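Next up, some structures in structure tokens.
After this come two complexes, each holding chain A, first together with chain B and then together with chain C.
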Partner chain A sequence: MFKIVVPIKQVALLDDEFELEPGASEVDPDWIDRELNDWDTFAVEAAVTFKEEKGDCEVVVITVGDEDSEEALVDCLARGADRAIRIPSDDLPPDPLAVAAALAAAIRPEEPSLVLCGVQSSDAASSATGVALSGYLDLPRVAVVRAIELDPAGGKAKVVRELEDGLLEDVSVSLPSLLTVQTGANEPRYATLRAIKQAADKPLATVAAEELGTDTAALAAQAGATVSQLANRPKGEGAEMLSGDSDEVAAALIEILKERAGVANGGGS
Partner chain B sequence: MSLLAAAQTREVFWQFPPWAEVLWYCLAVGSVFVFAYGVARPIAKYRRGNPASLPPLGELRSRIGVANRTVFSQASVSFRDPYVGWAHRGIFYGFLVLFIGTVILAINTDLTEPLFGWRFFEGDFYLVYSLILDTLGVALLVGLLMIMFRRAVLKPKKLDYTRPDRTADDPDQAARRGYRIGDWIFVGTLFYLVVTGYMLEGVRIAMDSPANADYSPFGWLTAQAIDTLGMSEGALEVLRHVGWWSHGLVALAFVSSIPYTKAIHMLTSYASLVLKDDQAGKRLRAAPTDETGEPTGYGILSDFLTEHLVQLDACTKCGKCHEACPANATGMPLSPRDVVLQLREDANDAMRGVGIGGVLGSLMKGDRDDRLKVDVIGGDDVREETVWSCMQCNACVEACPVGIEQAPMINQLRRRLVEEGRMEAGLTKTLQLVHRSGNSFGENRRKRGRWVRELDFEVKDAREEPVDVLWFVGDYASFDPRSQEVTRSIARLLREAGVDFGILYDGEQNSGNDVRRVGEEGLFELLAETNIATLAECSFNRIVTSDPHSLNTLSNEYSELGGSWEVLHHTSLLADLLEGGQLKPKEQLGSRVTYHDPCYLGRHNGGYDDPRRILEAIGCELIEMPRNRDNSFCCGAGGGRIWMTEPEGHERPSENRIREALGLGELDYFVVACPKDVTMYEDAVKTTGNSTEIAVRELAQLVEEAVGTRSEPTALAGV
Partner chain C sequence: MSGVLVVAEHRQGEVRPITYELITAALKLKEDGAGPVAVLVVGGDDSVAGAVGPSGVDAVVTIDSPTAEFEPHLTERAVAAAIEARQPAVVLTGHTVDGFGFAPAVAAANDFGFASNIVAVEANDELTAKRGVYGDRLLAELSFERTPAVLMVRPGASQPADPGGEAPVESLDADLGQSPSEHLAYRSLREGDDEVDITQSEFLLSIGRGIGDEENVERFQELAEKLGATLTASRPLVDAGWLPPARQVGQSGRTVKPKVYLALGISGAIQHLAGIRDAETVIAVNTDPAAPIFDVADYGASLDVHDLAEALEARL
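Right after this comes the complex of A and B.
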């Protein structure tokens, strides 16, 4: 059976007003809404669409996160994924390499035919987890994919990936492989509340690092970077209020631009 | 038998040879069978629907009483159209009495006389009978002439049956010709029967010159007319025979055809009125809670509730809903009438070929085959764009003379579309935001109570301390910058009046009214249950809201989920405070204003008078728009339309409404009483280029101006 594994993330949505945990490296969770990462909805949709069209396919969603992140997994199950796995994130640093190492440990025994990630997460935006995961799993990988045509019999996939300046590249990649899916690749479906309630009956396993033949310390050691502190930007430096009528303000502005930004008179280039 | 007694009756089968009488009875029995089969067929169809919400049999008596009051007063037919009301009264009473008269005659002729030798069709009884039937025949005739005049000369646009959900060259438009012809055949047949009936009576009176002819005044007149023709006795005899058979045969054909033509509304419309849900649209029916995995809502015909299948057949194509619908009025591809007719055509097509065996099987054994398992949403059926055009304003339900639930049916279609993800991306996004954040703005829930910051007093947290009035603020009033101004006005007024009130701050969530109207039943339940749980923890006497949408679901729908409270609109509270003296206007405003009835305050909850009481109390001169109170015109925001994109290239409902107001002459204010109206009409005033002509004000703002709790007159912010 064709098996697609989709690693997903429950992201934090920061309001324009928020407070930091005193002295800590996190935002006070009261100010945060959480949802399934937008990019991941496209990866899930691609997997579920393939399953619906071709049949004989299993879609497994997996995340590294706290108990609340099971909501995002259930969302994916409601969209049509078959089962879900959560690796508890306790004591794991929120770092792409550590998370990818944990994901790899859980995905390896699944022996997937295809791994679909979102290009990036909307909160951390490092675009690194998927790429790192392909390294740990030793899978060929294509990033920023916006169209996928799977050929399981031929053991390959034809994909279109986005390059800069609107250039598109057609790539053929052998299976199993890992693709990171770009937004706009499809139209993610709406998971109704009814579907979400029914999805609660689908299998959702919590698997600790130890059960995967590793431990949290080993995974944490993979981290490339850790957040040591979050702080608000200091206020009040460098602002100068200009006053007067519009001609005076414009004249003052020209002076400042010439002086500090090195803008030459006359314009044009 | 005395001469007098012999004269005070009439012979039914005049100079009939026995074979003719036998032929007549064979035809009569045949027509009864054709009629009975015609009635059985739709019943077989209804048995394929979902009977889950049929009212209990115990209610039948009271329901028949209510239906009879509607039918015998003809009130729902007269509603908004007295001309048609009077015409239909004539036809209804004329037909009914002539029909009963025929049944009485048949009882005498076919039962009591041959079986028991008892003839009651004579003497005084016959004279009174004659007089009543003769008079009501005239009523029928006049009614038919009025209707024919309307169709042939007045030609109301709605009666050409053009569909707004199809392009002009669509074959479905041409197919509507059948409806127009069918209507004329129906009216024409009745007309023919009345005319030949009087002719027959006239010939009889002319020939027999009975002493009691003055008990048939119109028949006597006809006889006089026939006399002037100077026909010979023989010619009259022929005319009498020809007249009898041509009247009799057509009458039999008509009776047997009733279930197959528009005439079926005599049965189906009555049945629909008996089944009528007087909460239709105000309280939508909950989706079944079964976990069978059956999809929710209406996707195929067998999903339909039995009463909805009956309603499809009850439609007389009168077009009242078509005229009342704001979507249709502004060129959107929706007419509630055409939704009903399309579904009816689909259902009848599906039942075609069921055969006598199939009908009997359904009736006797309850056989339910897969005949009605056909899709109803799609290009040849009710289109998705049609389903999404609806504003769930209930104008159609309010206007329907026969109790059809157009808007709730459309809501059921939406439930299926939502389940299948067949909706526009913007709406999907909004539903996700509501689920995630508890409000349609996608704002952090902590921001909900932030509007109080600009007040110079504290607003109680009703979760922390008991209050008299718990103010359920609602999404728009909490988050929309323009509505926040109004919200603060209300807060200042409540404080001025000494009302002990509090709000739920971030404990409040979207009330779910519009989420439910969109068709996301599960999300509605989640929101309602969350709010009910929060409210249950609070101590208060009553709930007030400025949002008519929240008002509707809190007072009509939460009770079914376990939350029953007294819920008031702020206009009711303010009207009481003004009349009770807690709020004292310092000045009479003296403004000329018009007032827009919000759909969910007026039509859904009968809140027509309190806003008008307020306007009177603060000295505003109210100039009513032509469409007011129950006929109010939706602003276009209802049913979740506010979360969908407005199609380009045609007038918006709100613009249509502003133009209606401008037609009243010079006005100071366009007064509203709903947070969504503030947004909708502020925009419409601008997009129609009338910012200098008229200004939008929420009622509370005008009250504040009169009471003087705020020094300068409040303008709506966010311009």
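Right after this comes the complex of A and C.
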């Protein structure tokens, strides 16, 4: 059977009112809202679409996270994944290499035919966990793909890489391999309430590092860097804010456009 | 271990701009006392190696590759071979699409230090770097226990160095082996799109998620026409199919340089901001006053874009 493993992440969104405490190296969880990473929804959709079209395929979603992140796994199960695995993130730093090492320990025994990751997570934007995982698993990989054509019988996939400046590259890669999927690759479905209810019956296993032949300390030691401190992003000079209601702002805006963009009096029409 | 190794990026025979930004960052580390700077060129013809050794660079190291174009696995092995040969303390690569394909794997497979999305790097007493976290609202200051540290540096973090060929070019023998992937062809994302070239327009009205639904695109198209602007968009709207790829501004779309960039309902993801760095005047309107777009904008207003559109329509 063709097996697709999709590592996912429940990302952290900072509350608008958040203020950083001086010297802090992490954010108090009270300030964080969470959701399934946008990029991962495209990876899950690609896996589930392949399963629906070809059959004889299992889709396994996996995350490194706390208990709350099971919500994101259930979301993926409701979108059509078959089973889910959570590796508890207690004492594991949010570092792409440490997380990839934990994922690798759980994915290796699964012997996947294909691993699909999102290109990046919206919070950390490392663009690194997936390709680091391919390094640990010694799998070929292609980063930033927006189209996938699988040929399991031929042992390869034809993919389209999205480069900078609107350039695309067609690439052929041998299977098994790992691909990182870009947004826009497909149209991710939403989980219906009924599907979410049904997803509760699908298998969701919590697997500790020790059950995978390693331990949290060893995985944490894989971290590529140590966060010594968090700081507010330095602001540039910042924008001159136009005040007033929408009509006053519109009037000010038209004056700026006349001066800077040569917009004629009353507009270009 | 000492010194800095820069991994040059090239495509279709051209040196990518990130390479010169990485050279600037490396030369600054050299000033800090990090040791000599070497620039690694994997594959590519002599013109690439001849352009990435400006004054201050100590060596350009070339490794022959069986493929003319970038191949992530061969690059991974070449970088590992160059690290083995030169024993640098720091390796700088681009936080770019090619960089994504090999740099994290080099670090993972060899237990190196690693960080990506880097905006600043220093080597005063010890190596430290800063990266964006929480959607770029915060910066994390990083230290490294393992050497070398492989750092993926974001485009725009440094000014580009001038191209140059002063540094000696050394060739390094490395058996890169077979590649499990194969380059087939390049194509343009914009093939078959409408003819508009948004890089030529002096006034862009650009829309993002903040406009709400697809049926609102028409309103802003009409507003753009009335103002004499060209309508462009951020990535999510193009991903959703509301506008064609030819109108996408940002790293994966077009880099634009208009006199005025009017951003409506765009929060300003880094990939988007990378595409408007050369705009003369940026005006941003967004309901969220903390949106990153306001950091780069010259003028801003914290308003609902539909309220503003209505007020503008009344005046035009």
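List of remarks:
Note that the second predicted complex is superposed on the first by the 224 of 269 C-alpha atoms of A that agree within 3 Å, B and C clash if a C-alpha of one lies under 4 Å from a C-alpha of the other, contacts with A are read in each partner's own complex, and residues count from 1 in each chain.
Keep this in mind: contacts are C-beta pairs under 8 Å (C-beta built on N, C-alpha and C of every residue); 3 or more make two chains touch, one makes a residue touch a chain.
Treat the numbers as computed from the prediction; the structure is a model and nothing was measured.
When the two complexes are overlaid on their common chain A, residue A:45 makes contact with neither chain B nor chain C. By the document's definition of touching, neither partner reaches A:82: not chain B, not chain C. One of chain B and chain C touches more residues of chain A, and that partner is C. Residue contacts after overlaying the shared chain place A:180 against chain C, while chain B stays out of touching range. By the touch criterion defined above, A:100 lies against chain C but remains apart from chain B after alignment on the C-alpha atoms of chain A. In the superposition on chain A, contact of A:30 is made with chain B only, not with chain C. By the document's definition of touching, of the two partners only chain B reaches A:194; chain C does not. Shared-chain residue A:70: touches no atom of chain B or chain C. The intersection of chain A residues touching chain B with those touching chain C, taken from the two complexes, comprises 13.
Partner chain C is touched in their complex by these residues of chain A: 12-14, 16, 18, 20, 27, 96-97, 100-101, 119, 122-136, 138, 140-144, 158, 160-174, 177, 180, 182-184, 222, 224-236, 238-243, 246-247, 249-251, 253-254, 256-257, 260-264, 266-269. Of all residues in chain C, those touching chain A in their complex are 11, 69, 72-73, 76, 95-98, 100-109, 111-117, 128-130, 132-146, 149-150, 152, 180-190, 202-203, 225-229, 235-236, 238-240, 245-246, 248, 251-255, 259-260, 262, 270, 280-285, 288-290, 292, 294-304, 307-308, 310-312, 314-316.
Contact residues on chain A toward chain B in their complex (touch as defined above): 13, 15, 17, 30-31, 33-35, 187, 189-190, 192-198. Across the complex, chain A is touched by residues 287, 291, 293, 296, 418-419, 421, 423, 425, 428, 431-432, 435-437, 443-447, 520-523, 525-526 of chain B.
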